[in-house]
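Naming follows writing order (A, B, C and D), and every chain is counted from residue 1.
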Amino acid sequence: MRTKASPAARSTALETRFHAIRALTRGLAAPLSDADATVQSMDDASPAKWHLAHTSWFFETFVLRDHVPGYRLHDEAWPFLFNSYYETEGQRHARPRRGMLTRPSLAQVLDYRAAVDAALLDALPGLPEPARALVELGCQHEQQHQELLLTDILHLFAQNPLEPPLWPGDRKVPVAMPGPIGWIEGKTGAHDIGALPSTSSTNGTDAFSNFAFDCEGPRHAVQLHPHAIADRTVTNGEWIAFIEDGGYRMPSHWLSDGWAWVQREDIAAPLYWAQRDGIWTRFGLDGRRPLDPAAPVTHVSFFEADAYASWAGARLPTEAEWEAAAAAHDPLAGNQLDTPGPVEPRPSTSGPAFFGDVWEWTGSAYRPYPGFRPAEGAVGEYNGKFMSGQFVLRGGSCATPRGHVRPSYRNFFYPHQRWQFTGVRLARDL
Amino acid sequence: MRTKASPAARSTALETRFHAIRALTRGLAAPLSDADATVQSMDDASPAKWHLAHTSWFFETFVLRDHVPGYRLHDEAWPFLFNSYYETEGQRHARPRRGMLTRPSLAQVLDYRAAVDAALLDALPGLPEPARALVELGCQHEQQHQELLLTDILHLFAQNPLEPPLWPGDRKVPVAMPGPIGWIEGKTGAHDIGALPSTSSTNGTDAFSNFAFDCEGPRHAVQLHPHAIADRTVTNGEWIAFIEDGGYRMPSHWLSDGWAWVQREDIAAPLYWAQRDGIWTRFGLDGRRPLDPAAPVTHVSFFEADAYASWAGARLPTEAEWEAAAAAHDPLAGNQLDTPGPVEPRPSTSGPAFFGDVWEWTGSAYRPYPGFRPAEGAVGEYNGKFMSGQFVLRGGSCATPRGHVRPSYRNFFYPHQRWQFTGVRLARDL
Amino acid sequence: MRTKASPAARSTALETRFHAIRALTRGLAAPLSDADATVQSMDDASPAKWHLAHTSWFFETFVLRDHVPGYRLHDEAWPFLFNSYYETEGQRHARPRRGMLTRPSLAQVLDYRAAVDAALLDALPGLPEPARALVELGCQHEQQHQELLLTDILHLFAQNPLEPPLWPGDRKVPVAMPGPIGWIEGKTGAHDIGALPSTSSTNGTDAFSNFAFDCEGPRHAVQLHPHAIADRTVTNGEWIAFIEDGGYRMPSHWLSDGWAWVQREDIAAPLYWAQRDGIWTRFGLDGRRPLDPAAPVTHVSFFEADAYASWAGARLPTEAEWEAAAAAHDPLAGNQLDTPGPVEPRPSTSGPAFFGDVWEWTGSAYRPYPGFRPAEGAVGEYNGKFMSGQFVLRGGSCATPRGHVRPSYRNFFYPHQRWQFTGVRLARDL
Amino acid sequence: MRTKASPAARSTALETRFHAIRALTRGLAAPLSDADATVQSMDDASPAKWHLAHTSWFFETFVLRDHVPGYRLHDEAWPFLFNSYYETEGQRHARPRRGMLTRPSLAQVLDYRAAVDAALLDALPGLPEPARALVELGCQHEQQHQELLLTDILHLFAQNPLEPPLWPGDRKVPVAMPGPIGWIEGKTGAHDIGALPSTSSTNGTDAFSNFAFDCEGPRHAVQLHPHAIADRTVTNGEWIAFIEDGGYRMPSHWLSDGWAWVQREDIAAPLYWAQRDGIWTRFGLDGRRPLDPAAPVTHVSFFEADAYASWAGARLPTEAEWEAAAAAHDPLAGNQLDTPGPVEPRPSTSGPAFFGDVWEWTGSAYRPYPGFRPAEGAVGEYNGKFMSGQFVLRGGSCATPRGHVRPSYRNFFYPHQRWQFTGVRLARDL
């Protein structure tokens, strides 16, 4: 049971947390050159420099500018550059043009980060509760961008015929193949999902431990119908069987939009896969390597996930089914961003796990929960405005900072997107 | 309670129904020239000639070819031309090229219809039950195309600077403005929605009265949360207020994808609206006429419907909320295709109605119900493959053949589409 | 030497000519249904109905409206529909939307033609000379559209999987293969090309015989350099050798833009060619038939023509070289539109010919001659505004009305276009 | 008259020249960060890093690899990256993806340059004549890329809302407005243009002084017709008058393709122009500054140049007219790359000049001269393959290295391109 902490202890905890998260971002960017950090490899991705600056802009705008009397902007021109999609915060630099910003340089952006950090750590002890909640929101926001920074760099490096690794690293030891999927029978009938209202204003050192984004609530009852959910995600080896069985050439297993996508984009394997001398390889943050058949498949789109499930005689779980099953598992366990070794999905070495390795596509469209109300003001633009055309993913990945993800956490992407660490867990009706 | 009918009576009923539906389609096409029936005005639309042929192809392929020994195809080359999306039926003429088919002519296609009708009416008395169910499915399918034929012609004629009317007709009498929206409190807690399993094989003359498409089932429980639903749809007059308040220029009310659509397509009013000498007009099947402020707004996209609801401090109903509310209403009532007078939404003249006038956008993404299984074979490609990226609409419109729609009926379109008779009903949380 | 004719004789000659040309257009459209005449198969093409109406609009606007007192427009709304590119004549219906005009019908457009013909023939005897010159211009303009009407219909019918023939016709008799290309040594040094100033205002019955478009003049000296020009065009058989030698896969023979076009559009043979059961066939106005290896190749782009020439160790002639060589030949000879039998390029049966069969791509960009001045007013928009990015073609084709083409005649198309009857004559430096 | 130099002197001269040109390129890139040098701002442009590497690749491939026994490539993978369009040199990295190459870094590319320089200077004394000619060709090639490097960086920086200057520099002193254009009467009749065959293999220290690209020859006679050519180029002040007279809104002055471009791209002023507080400004290598009305207009397309000429009652000169007039002028005079002060077109301070300031659009399509033969082998892919759709520009600009341009020099761009320093000289018929 949680106990209340003194205000001083609370600030210290938030200060520690803020410092650690900011330092991790900085560390992720450490191997990047000025050029690496500047280029935008596709419209969906952003330059690393932009991630570094935008996350700082968030703290500068919503905390320092709005809550610290006398604060002066680091540079009056930069909010225009580093705002993302907050329409109420005014005009923005067009998203597909982010890669044109060779100035400010990476060094200048890192100076900006340092200045914002110093100002915020200085101000933190005296901030009122609503501003502290915004600091927490900014930390959560930054954690999301940590993952994007990695997946965007991976995408950029994959465009380079030299295929440079971000972290060269050593070869990891092969692991024995997992056994066949086991099926966990799920709950049936009325069941509550979603996050409880955040109580971060009252409970001290673990302020962040019950943080949730607005779209994760309100907590509400859903009806679950008889079903079972797989005890692990689909592996690379299983995906090769799908390919070899002609999975990418059978329209009967694909949604109509998915089939059009496969044909238009000439899709025949997960992103970053390539056959070299008859062997399947993948490109990862450690460069191009042979595929590990025991590891979870990743970089697949919803369309691919859905087609695979159809081919396998199963379906994707709903987000409610997933959340009900995951509730019994520890969200701090699993292969997440701080796990030693290469950042990539790894073969399972223990029992059922629902967190880490790969984001799992669910069959649920990303829509508001009953009674959903976006937060007030600009920060309320954060989640609700994306509620059309996207699907929910659950569980976090190998690139998700440990502590960021929860059973109620709703990630969302368009059904064709696959440059995140996205994978597949099956479900079926009973 | 329903009583069983003799096989002969059943066949007679289906024969009568088949004949009436086929004749209605033919009647809708009566004012069309060969050219009118041939041109395709956008990728989403199909030529009238194609609708006329495709609906015949459906009966020819799935009933006559598959169930009538010795039947010979009307023309061996036509299945390639008039198949729509049934991958298992083989190669198809590309959808966006349907407007290239100046041959066969409208007259030849009408001959094809007549030949299929004769062969089917001849075969009907001897058809086994599964084939009779396919005839019923073909009738339902044809009713869907009746509506599309009208909305596609409307779109085509709207591209012509001469703005020809399909049915010139007389001006209708103005109707007094409806009062303010009333709110109907909805049910809360577990509630069953969806269609019961079809029993068309066993209950005789009303075989079609409990027909449902596969996607309408299985019937299942959902959780309803405290809410109210409007007792009428939004009117043109109310929509003008939205426009005049700057509704199309306020990003805060729009989904992100919707706002991008508004800006990319330069959207500032419903489709077919135009200001002429300071007066709002709309183009309809009777040509361009001044807008009736008392009539339900139509030709709005999901994006517009959602933005309007946000502007009005409300939201769209879920499909479950809509179905629960509509269950108490008569699906045969309301302004539907056979109502005398112009085919367009009309001002409400009585109490709450849920059927006819305009299809109502719900806030529900079109996804499978729990336990959904597509039908076997080619006809199973009908609904399930479209379950990504689209939203559910309910209730039928002024162009929906009476008897075609039901409380469980799920129509679906992409959120930017608006050439159907689509409108808005509000809901709100309690 | 020409003699002057009386004004009455002149009017009679022009009347006869006007009547014949208008009747030929009408005849070309005779096999077309309302739908055939309405559909636009690509942006470059126009519907036959549009050709029929636009050529009439030309006479109505520039002759009847401007020179016949009291003339009332056939329909006030139609000029907007049937203007092509005359900016000074006001707003126009967007070119790529010409295929949306299912109304007015073909029958209405034919009535329009008849009404314009009657009014013009009625007015002709009393027209002043400048208006008579516009009638002559309109006749020349209509002849251009006669060819376009055929090539546009050919393109439309080629989009239909049924591949309907416009004129079914009989198979023609095979002809012996032509011998190897012979080389005609061309003139060297200063040489005059281009049309003399038109004298149509003064010379009576043969008013049209020295008509020329503004872009054909002024006549001026060019320098010719030592060269030879082929005595016939390239045949289908020779083109097959080019294909079989990998001509479409060797970048070294292609212009950079041409190579990009080949790759982007996946070009591997002339337009309308297809292999059926191992035999090369082509689609023509008489449907799909086996290719005649002795006939001139047609439906090739400038890019293809240039690559072929490079592969053959030759080059395309300049337009000056072509005109100098053609000056000795009879422009009324050769396979042109009124030749009995199918409208298609035919094997040569006699000596060198420069007119008919196929338009011959030259190596000359379409640019103004020294001292070029466009005609005054709207009709001056006719040729000069297209002088960028296009190449000159010479000689007329099997679809060019006999009497329309001359040695100085400059046709022009973009280097990727190939739906006209376009072919290749080689040249080389000496 | 030229005298022969000894082989040793020749090598020394070439060595000096090679060294100076390579050093200038290095100097131009000096202000660039790694990021500045990496990003590609549009498909037409290349990253500075790519220019730096590609020019080195040229020397490495065609001189060191082909003519220096035992030479080993700096990096086996880089030819794939830095080949431009030489199909015979094998596969290339796709042009629009050049901006993805964050690795190798700018520092690595500069090391590559240094290594190539050292190897080449080491080998130069012993190189046979054909290889020395390739060194000269490489120097000419590098000079072309010097200009492109500057114009590409200018374009990149113009995409950045911060509008960083490459060289901040001081404001230059205003200059009095030039007087009205004077007209120089041109030659008439047969006249020779084009470069003489290069004699670089035989004449020693001035080896480069009669270098010419293959497309500049053969020298040949053309016919000139009575004309006059302006004694200076059009100024910014004159262009403002064109704008204020509605020049960008009058279709009658535009080529059809140009008018479509103006409307599609919403063009209303030269590239990099913007009104700020009612004053016209331009963005240049020294940032955004008020426009100097006395300076030559630049960053205009052929379409704009042609429309301006039409509006001014004139036309563009042909390339032959230009060359005939320029022959009397010193190609080493004028505002070229090494002129002290900002790199931008400057007001004329003396009499007629034909070199420097701005490339001048001619009315001539870029096509081969009579008897043109591309050079053998890969270097022959240099010019001939671009001979469709482009127009010739003459005279060099403020960004052209002095000594690079000659009277016969033919630059070429597509008619819509305007990111080079392109301007307008008028001509007219007499």
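Keep in mind that, in the parts below, contacts are C-beta pairs under 8 Å (C-beta built on N, C-alpha and C of every residue); 3 or more make two chains touch, one makes a residue touch a chain.
Quick caveat, the model's predicted, so the values are computed rather than measured.
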For subunit A and subunit D, chains touching each: none
Furthest chain, CA centroid comparison against subunit C: A
Rounded Å distance between subunit B and subunit C, as computed from the means of their C-alpha atoms: 47
Separation of mean Cα positions, subunit C and subunit A [Å, integer]: 60
Whole-Å separation of chain centres (CA-atom averages), subunit A against subunit B: 39
Contacts with 2+ other chains: residues of subunit A: none
In contact (per the touch rule at the top): chain pairs: A-B, A-D, B-C, C-D
Interfacial residue positions of subunit A with respect to subunit B in the complex: 85, 87-88, 190, 220-223, 225, 227, 251-252, 254-259, 302-303, 306, 315, 363-365, 367-368, 370-371, 381, 385-389, 391, 415, 429
Interfacial residue positions of subunit D with respect to subunit A in the complex: 33-39, 41, 49, 77, 80-81, 93, 97, 99-106, 156-157, 159-162, 164
